[in-house]
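First chain A sits with chain B, and in the next complex the same chain sits with chain C.
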Partner chain A sequence: MKSVVIGVIGADVHAVGNKIIDHVLSSAGYNVVNIGVLSSQEDFISAAIETDAKAILVSSLYGHGEMDVKFFRENCDEAGLSDVKLYVGGNIVVGKQDFNEVEKRFKDMGFDRVYGPGQKIEDAITHLKEDIGI
Partner chain B sequence: MDVYLLVDFGSTYTKLTAVDLKSETIVGTSKASTTVQTNVLEGYDKALDRLLRDHPEIDNVSDISACSSAAGGLKMAAIGLVEELTVEAAKRACLGAGAIVDLVFSHHLTKREMKKLAETPIDIILLAGGTDGGNQECIIHNAKKLRELDLDIPIIVAGNKDANDVIDDIFVGAKFEYHIVKNVMPKLKVLDVEEAKHGIRQIFISKIIEAKGIKKAEKKIGEIIMPTPEAVLIAAELLSKGFEEVEGYGELMVIDIGGATTDVHTIGEGYPKRTEVIMKGLQEPFAKRTVEGDLGMRYSANAILSTVSSYEFKQYFDEDDKWEHDIEKSIKRRRENTDFLPTNKHEEDFDNAIAKICCDVSISRHVGHIEVVYTPLGSMYYQTGKDLSDIKYVIGTGGVLISNKDAKKILRQVNKKSNKALELRPNNPSYLLDKSYILASMGLLGQKYPKLALKLMKTYLL
Partner chain C sequence: MVENKKIPLEEFLKIRSEILHHWKTGSSPLLDLDSSVERLKAIPDHKNFAKKLKKAKQQGLTLIQPRAGVARLKEHIELLQFLEKEGEADFLPSTIDSYTRQNRYQNAQDGIDESERKGRSLLNGFPCVNHGVEGCLEVFESVNVPLQARHGTPDARLLSEIIHAAGWTSNEGGGISYNIPYAKSISLEDTIRYWQYCDRLVGYYEEHGVEINREPYGPLTGTLVPPSISHTVAIIESILAAEQGVKNITVGYGQSGNVIQDVAALRTLEEETNRYLKLFGYEDVFVTTVFHQWMGGFPKDEAKAMGLISMASTVAALGKATKMITKTAHESFGVPTKEANAEGLRASKIVTSLLRDQKLADSDELQEEMEIIRKEVACLIEAVVYEGKGDIAKGSVKAFKKGLIDVPFAPSQHNSGRILPARDTDGKIRIFEFGNLAMSDEIKEFHRNKLKERATLEGRDVSFQMTIDDIYAVSSGILVGKPQEEL
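Here is the complex of A and B:
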């Protein structure tokens, strides 16, 4: 069973979406390691190392996500997690911005999948199957 | 009168406690210097003679249990993967089993670290790493390195269970004995150290006692069943929880200020007391022990000066203390002469100041901390470690405390402090002293007679 780490980054306490993601990914057959809300980049990375996770899914709903995930990819590389897939989703930027631009900015930061508001969690499952298998 | 004899082979003294099971009282205690260099039984015999001389009413010793921290105690190396996760879990397993953790390694063992492992006197190695189903690569790498080294040191393997079969294959034909037990961190941040602790105790009984020259004592007194610090932790847990209809004291803390280390034990969940607090970090053990190797009255007196500045040191003298203390000189004197005993008020006051520092700093390191985070929904708090603000009893033990009229003044250092507001220290506990030095003995007695041990602790801790 493949492990994936999920959690809500930064000073963000939105717990409902996090629980839904946990439930859906577990039902889809993943070993979900949920580090919960108010999590730092270090929490995600340490969890991924110990659990040998193949992907990290970062959630953020409060608008400050772009700042919270700065250098996430670089920090993963530093910790020996270069092969781990990075997903980010939610309300990840301040205000209403063109999603194509947002997606490009996050991909430039090293994220493999970027989801805006309203994206279906099923899409993430499809992508996970493509990226890391089941 | 028949007595049950409890023996503690300490690093300095061999201590005996005689309990009368019928009248449920402590008949007497005695001590003599531990004689591990020559024959450990010499010290024991001397202490026993003293006990029998002082208490002629004892005609027969019906049963004996013993623990030991002689010959340097139980020294361990803890190996894990991520420092704040499996490495920390491994360390807690060692500490909970009464060991001193002398070496700690994370991630892949390097040649330099292996050299250190080979050069340091270590009794047992605890090898962890990865959650169950998680990372195997690291623990397998480290197992291979340990096999390469092939030191004659027993290894407890308590890591990712998926790696166990491979580790069995790696360890075939090795010089050392090894035991595979449950993972100390089976899931992320979940701590499960019981099996590892049990494994450590088994090796302690079967091998370490012999290596330390204490085995000879077993012919006369039966098996030495655990390291002394574990006996203290077991006693504290019993006193906290109670037994059958005898109620316990609830959440409590034991602080033991010794010559080389300061040990802090707390019994309690330590969960957050408020709703807007979120727990961070690895799960805390219900019975938690920490050991500070740089805080002690004699052997580690030097190290105190690197922990507190001389300005801070002075803050620990009593307000009415008019002595001109030469801090460096007084510290040096104690370090160079570890048998030093204060003979006048001036020296006593200085010892008290060291004890206060040991107490204060060890508590800072033991208790949980709060950190404020500002979120769009208002202030929230992270809690790392245990919230001990509701601890009801603080029990002091160790040479400097038990015969000191200022002991409670020293113990008061554990309290909540305005300049350490983010530390979750006890708010307003009651203080008790282990005046007759019975805690370890009661941990031993509690293995067979928990109710009696509990009653005696409630009577003799004042």
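Here is the complex of A and C:
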């Protein structure tokens, strides 16, 4: 069973989606390591190292996501996690912005998959199966 | 162990001298209490939150208030002025950014600096501690309606000092309502103590002739919260506040979506808060209610979002809430533009204005719903009183620890998180998994029967999937979630 780390980054306390993602990914057959809300980059990285995770799914719903994920890819690489896929989703910027631009901004920062507001978690499952298998 | 006891003045002042050192803006000469009292006494009635609420309550009005806050002072003032003028807001907020809420003032400073560099707000609110009393006072002097801090801060002691000294005459929050839905590991004992301090500060102002409003945060997680659970928290926080000398309290409730349940909730919220305050010996507290427009996921389509906002306004007006917190058509994308914010306000305003002289007619269904809420609240408050041997602060800590009070979908480790809610056939929020929630067997039976009806109708079992379907339902345009294949 492949492990994936999920959590809500930064000073964000939105817990509802996090609990649903946990439930849905577990039902889909992944070993879900849920570090919960208010999690730092270091929390994600240590959890991924400890559980040999193949992907990290970062959630952010409060708008500060853009600041919270700065250098996340670099920090993962430095910790020896360069093969780990990085996903980010939610309301990851402040306000209503053109999603194509937002997606590009986050892909430039090294994220493999970028999800906007309202995207179904089932889509992430499809992508996870493509990217890391099950 | 924390107790529901008024903090003696000497002890309060001692803690205060430490709090003011938490960030450099705490050293402002404007934080001298005597001069603050004089400054606040000079505030005209129309800019005093407590007084404006009293007047609205007497006139039977439902006044409106948006959420709003950005990183930079000048931009924040422009935003509030716009919402006052173009949005016709009766009250203005300053929604505080999430770094400040976690007392990360250095992060907030970085956010302000980066916002200056990029020319747009990278923070999701107004970092009031970093802007200090001077900045907050400038905000206050730039508008013509009362101001309130709205946040989600477990330890808001310095924040409260700063905003009140700046003439903001209302503060949202409480030891439970700004912990359980807003924190992960901080203990309830600590946050109850922190908020006793915030309430004691308001008590100090009251003792010196300055009226200040306090508002426990009603909606909690905003996700299928049964009314009796949020009512219980509101009642506990009202009692805790009254003990510290607070005299003007607005208790809150977030729209559930079923009109009857919502009106029943609003009516019982005011009635039961008043009743329990008196029962606990607090005779002179002025209680009003605030209704929060839908707190869950919104439709992406802006016209549909505006429909939801208007529906919420209808319920607030018919339920005679004194205040309503508005949403915007940008809700599903996060922080709105000022234009979208003002549109949400205006849509809300016309509905409450048209309905100002109407209320929901009484019915058996309404009375029945009110009676259920009363009974449930009685079960929960009794459990708290029993656990605390009469002390409501102690009792709250113990009741949460044992799961006797439990909030669905809360991030805090100090919340049991075992209860599971779902909607019944007509959309009222019920509970199917009670965990250790202190409800009587009769009540549990009632809830389970209601949900069994729905399960039978939909040809499936009552399960967590039903809860998930309900959580996503409103954003896809229905109230009661449907099984996947039917969508």
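The working rule: the second predicted complex is superposed on the first by the 134 of 134 C-alpha atoms of A that agree within 3 Å, B and C clash if a C-alpha of one lies under 4 Å from a C-alpha of the other, contacts with A are read in each partner's own complex, and residues count from 1 in each chain.
As a convention for this text, a residue touches a chain if its C-beta (ideal position, glycine included) is under 8 Å from a C-beta of that chain, and two chains touch if they have at least 3 such contacts.
Source: prediction; values computed, not measured.
With both structures placed on the common chain, the touch criterion links A:Asn91 to chain C but leaves chain B unconnected.
Of the two partner chains, chain B is the only one that A:Ser46 touches; chain C does not reach it.
In the superposed pair of complexes, A:Tyr62 makes contact with chain B and with chain C alike. Looking at the shared chain after the overlay, A:Ser3 reaches chain B, while chain C stays out of its contact range.
Touch criterion met: A:Asn31 reaches chain B, while chain C stays clear of it. Comparing chain B with chain C, more residues of chain A are touched by C. In the superposed pair of complexes, A:Asp12 makes contact with chain B and with chain C alike. Counting contacts by the rule stated earlier, residues 11-13, 36-38, 62 of chain A appear in both its interface with chain B and its interface with chain C. The touching residues of chain B, counted against chain A in their complex, run 81-82, 84-86, 129-131, 133-137, 185, 187-188, 278, 280, 373-377, 380, 382. Note for the complex: chain A touches chain B at residues 1, 3, 11-13, 31, 33, 35-38, 43, 46-47, 49-53, 62.
Taken in their complex, chain A has these residues touching chain C: 10-16, 18-20, 23-24, 36-38, 61-64, 66-67, 91, 93-96, 117-118.
Considering their complex, residues 97-99, 101-102, 104, 107, 110-111, 114, 120-124, 152, 181-184, 221, 223, 297, 300, 330, 332-337, 340, 409-411, 464, 468, 471, 475 of chain C touch chain A.
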